[in-house]
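What follows is a pair of complexes built around chain A, which joins chain B in one and chain C in the other.
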Partner chain A sequence: MKLLVAVDENPYSRYAVGQAARLAANTWADVVMLAVEKSRAYLDEDDLDQEHAHPKTLTLKRYLADFLGSVGPEADIYGPGRDVPFGRRDGDVLEADASGRKGMVLRVRSGNPAKAIAAEARASGSDLVILGSSQHEGGWGRGSDVPGRVADAADCPVFVLRENVVPSKVACCLDHANVTQESLELINQCVTLYGAELEVVGVLRRGELREDVEAKMGEVLGYYLDRDVRALVRVVGEDSLESFIESGGREDLMALWLTRKSPLQKLLPGHRVASLVNHASASILVLR
Partner chain B sequence: MDMLKALVPVEMTLASNIALRYLCRKADQLGIAIQPIHVEEPDHKPHSSETGWIRRSWESGLRQAGLEEVRRILKSERLDCFVLPNPLVRVGAREDELLDELRIGGHDLFVEGEVANFNTGEFRKRLKSKLYRQMPCPALVVRNMIQSDRAALVLDEKTDVELLVNRFRRFFRDPAKADFDLCAYAMDDLQRATHPDELLAEGRRLLKGAGYAPARSFSLLGSPETAAKALHDYGMIVVHLDRKSNRKTPLTEVLGLASSPLLLCW
Partner chain C sequence: MTTSTKTSILILDDEPIVSKRLQPALEKMGYEVESFYDSSRAMARVLERSFDIVVTDLKMEGVDGMQFLAAVKDRSPKTEVIVITGFATMDTAKESMRKGVFDFLAKPFKLGEIQEVIRKAEAHVCGEDK
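Now for the complex of A and B:
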């Protein structure tokens, strides 16, 4: 598994790093940690040392220490974590390789944060992008809509974590039966990681639950009940879906499958996804 | 102790599957024997003959197909509780056939599955249906497999507390084994005809008279959403509803939002 953890200087990013570390410890994932700085063409780098010219490198080094601390006794799979030097790679990208047996790369890109995160996810073939978000609007600069725009623009799953909340319920909204095993395993990781209950939510189309969706709900439900995980079922009409997601509380994690085959993609065009992600109280996991 | 007989529709749906699995787990605790029933609903296309041997043969074919389906479902569920050996199979409108069987069959309980809908209007529709308005016995609506064995006996100002306690005793027959909390629900405790504390006192008095004691009794004040969350962990919510009234009440909203199985008494 390849995780991309996107960070800025706000406390929610530190929280997201801690949660990413827990997930990485469970899955032995390769990790890229990314910070995005403003493009500053006026800056003459020769006049400054690296940490002053690119303060995000310092931020990333601090987050690396946090990450390794949160991984716990198995942190050595990511290398010693000592001060690693940043060097230029592919033009504008600054990179430090802190890998051990598993990959741990720190990168600084410049430009628009949402575009830079999506570009990094594509370039590094990420399986999941993790980024933090504040409880209310704010943070991430540039109008604070970065998490939503990343969720919309990335080709891979995106996990937007609300600050300082441990989800107690994972609600996964199923609108089609072609969900990948990888995405179910990601749900499984969240349920296990947080000791959360699972709510399998079927999306009704014209008031009816499609047979294949119902069968998939039964399959997922049975899987968790057999493992003594508290698992519930619910249905929601397609016209109430946005209200349902918005009604999710701070301690909920809403998982949505958005693929080209997914009717949800038609129900929730890109700008609506971005808006939901930015305004919901719940953490959001967009699966693809 | 006589076993209670529960009529349970068996269908090829997730809701039916959950209801069967839940009931089977509860069957011992409640002393229930499961009577499966399956209703084959004919399509509404006109047939070559509406009477005579052609119709009888066609109905008989449907009945046979229904019987095979029930047996297949019951076999695949591998239920380890007491299921009466002869499933009932009927042909006709589901609601009418179930109501007819409940009236003539002397069943103590009707049990069916329902996948909870975010839109609570669907639950109100169920309560307003002919089946639920006219059935002669309590109904257990199973929404989820909740592991907890603790029930919540929920009262509101419209509750007939004596009737509810009597129904409760019928299903939880051994006072020593009845694991339940007593709860009085209201949006707030201002200007109530009956204050939640009075409801609790009456409930406790009636239960005590029958030898029952709740593990905990408490007032639950707040919006239906808050109350549904507070009742989230109960293995069953037991309520009395007045079927003469069509009005949406805070309690019916709580029930619409709840995840737990609901034992509806009338």
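Now for the complex of A and C:
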């Protein structure tokens, strides 16, 4: 599994790094940690040392130390944690490779944060983007809605974590029957990580549960019960789905499928998905 | 090891979709692949013959992946075992490494990722044997 952990300088990012480390300690995932800086073409880098020209390199080094500390005794799979230098890679990207047996790469990109994070996810073939978010607003700069825009723009799943919340329930909003094995596997890892209970939420269309969705719900429920994962079922009308997601508690993790085949994608245009991700109380896992 | 010149791989996962994806891709790479959904059948097969590489899930009905990998290593210590799991924990990762697995991969992963790990395991097997 390949994780992309996107960070800024806010406390929610530090929290997200800690949670990413917990997931990495379980899964031994390859990790790319990304910070995004403003384009500062006016700077003459020759006049400055790297840490002054690119202060995000320091931010990433601090987060690497936090990450390794949170992984604990097994952290050596990510290398010795020594101070590795940043070098240029692919034009504007700065990179420091701190990998051990498993990949641990620090990267700095520049420009629009949401676009840079989505671009990095594509470039590094990420299976999951993890980023932190403050309560009821996306954070990432005043008036910014970066987590929501990343959730909307990325091709891979995106996990938006609310600061200082450990999910105790994973609610999977199942609005279609085309659930990929990969998306179920990500839910499995989240359920395992948090020891959370699982709620399979079927979405009613015009007051009825579609036959294929009902069959898929049964299949998903059976899948988890066979694996000793406690799972419950409930249904929600499509008209109230948005408010259901918004009203999720702080300790909920809402898993939403946003694919072309997902009615949710039609119900919620891009900007509303972004708004929902930024303003919900719950942490959000956007699946593809 | 086997008399075939091809590197032999056994895949055990109780979710058929995993073998369905993996087997043709690995055969295309020139490997000799046998897939099993049922751990007891896979266990019987590894007692019949040894494989160069074994890819196994951990959480299955019947014989679990840890027992399976222990049996594989016991029967054929040179076999490289790659554990794949959808329910990864720190303990299972540590226990896998203690039992001598070549690598530990959590699901989901892309086909290219496991192909790369298998290539490395093959190089390891060849390096030890030749």
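Definition applied: the second predicted complex is superposed on the first by the 282 of 288 C-alpha atoms of A that agree within 3 Å, B and C clash if a C-alpha of one lies under 4 Å from a C-alpha of the other, contacts with A are read in each partner's own complex, and residues count from 1 in each chain.
We take it that a contact is a pair of C-beta atoms (placed from the backbone, for glycine too) under 8 Å apart; a residue touches a chain by one contact, two chains touch by 3 or more.
Since this is a predicted model, take the numbers as computed values, not measurements.
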Clash or fit (per the criteria above) of chain B with chain C on chain A: fit
Which of chain B and chain C A:235 touches, first, second, both or neither: first
First, second, both or neither for A:244, with chain B first and chain C second: first
First, second, both or neither for A:221, with chain B first and chain C second: first
Apex chain A: angle to the C-alpha centres of chain B and chain C, given in degrees as a multiple of 10: 90
Which of chain B and chain C A:279 touches, first, second, both or neither: neither
Which of chain B and chain C A:202 touches, first, second, both or neither: first
Partner chain in contact with A:1 - chain B first, chain C second, else both or neither: second
Distance in angstrom between the closest Cα atoms of chain C and chain B, superposition on A: 18
Footprint overlap on chain A, where chain B in one structure and chain C in the other make contact: none
Complex contacts: residues of chain B adjacent to chain A: 13-14, 17-18, 115-119, 143-147, 259
Interface residues, chain A side, partner chain B - complex: 199, 201-202, 209, 214-215, 217-218, 221, 225, 228, 230-237, 240, 243-244, 247
Of all residues in chain A, those that touch chain C in their complex: 1-2, 25-29, 72, 74, 125, 127, 181-186, 188-189, 191-192, 226-227
Touch list for chain C against partner chain A, complex: 15, 17-18, 59, 61, 86-90, 93-94, 104-110, 112-113
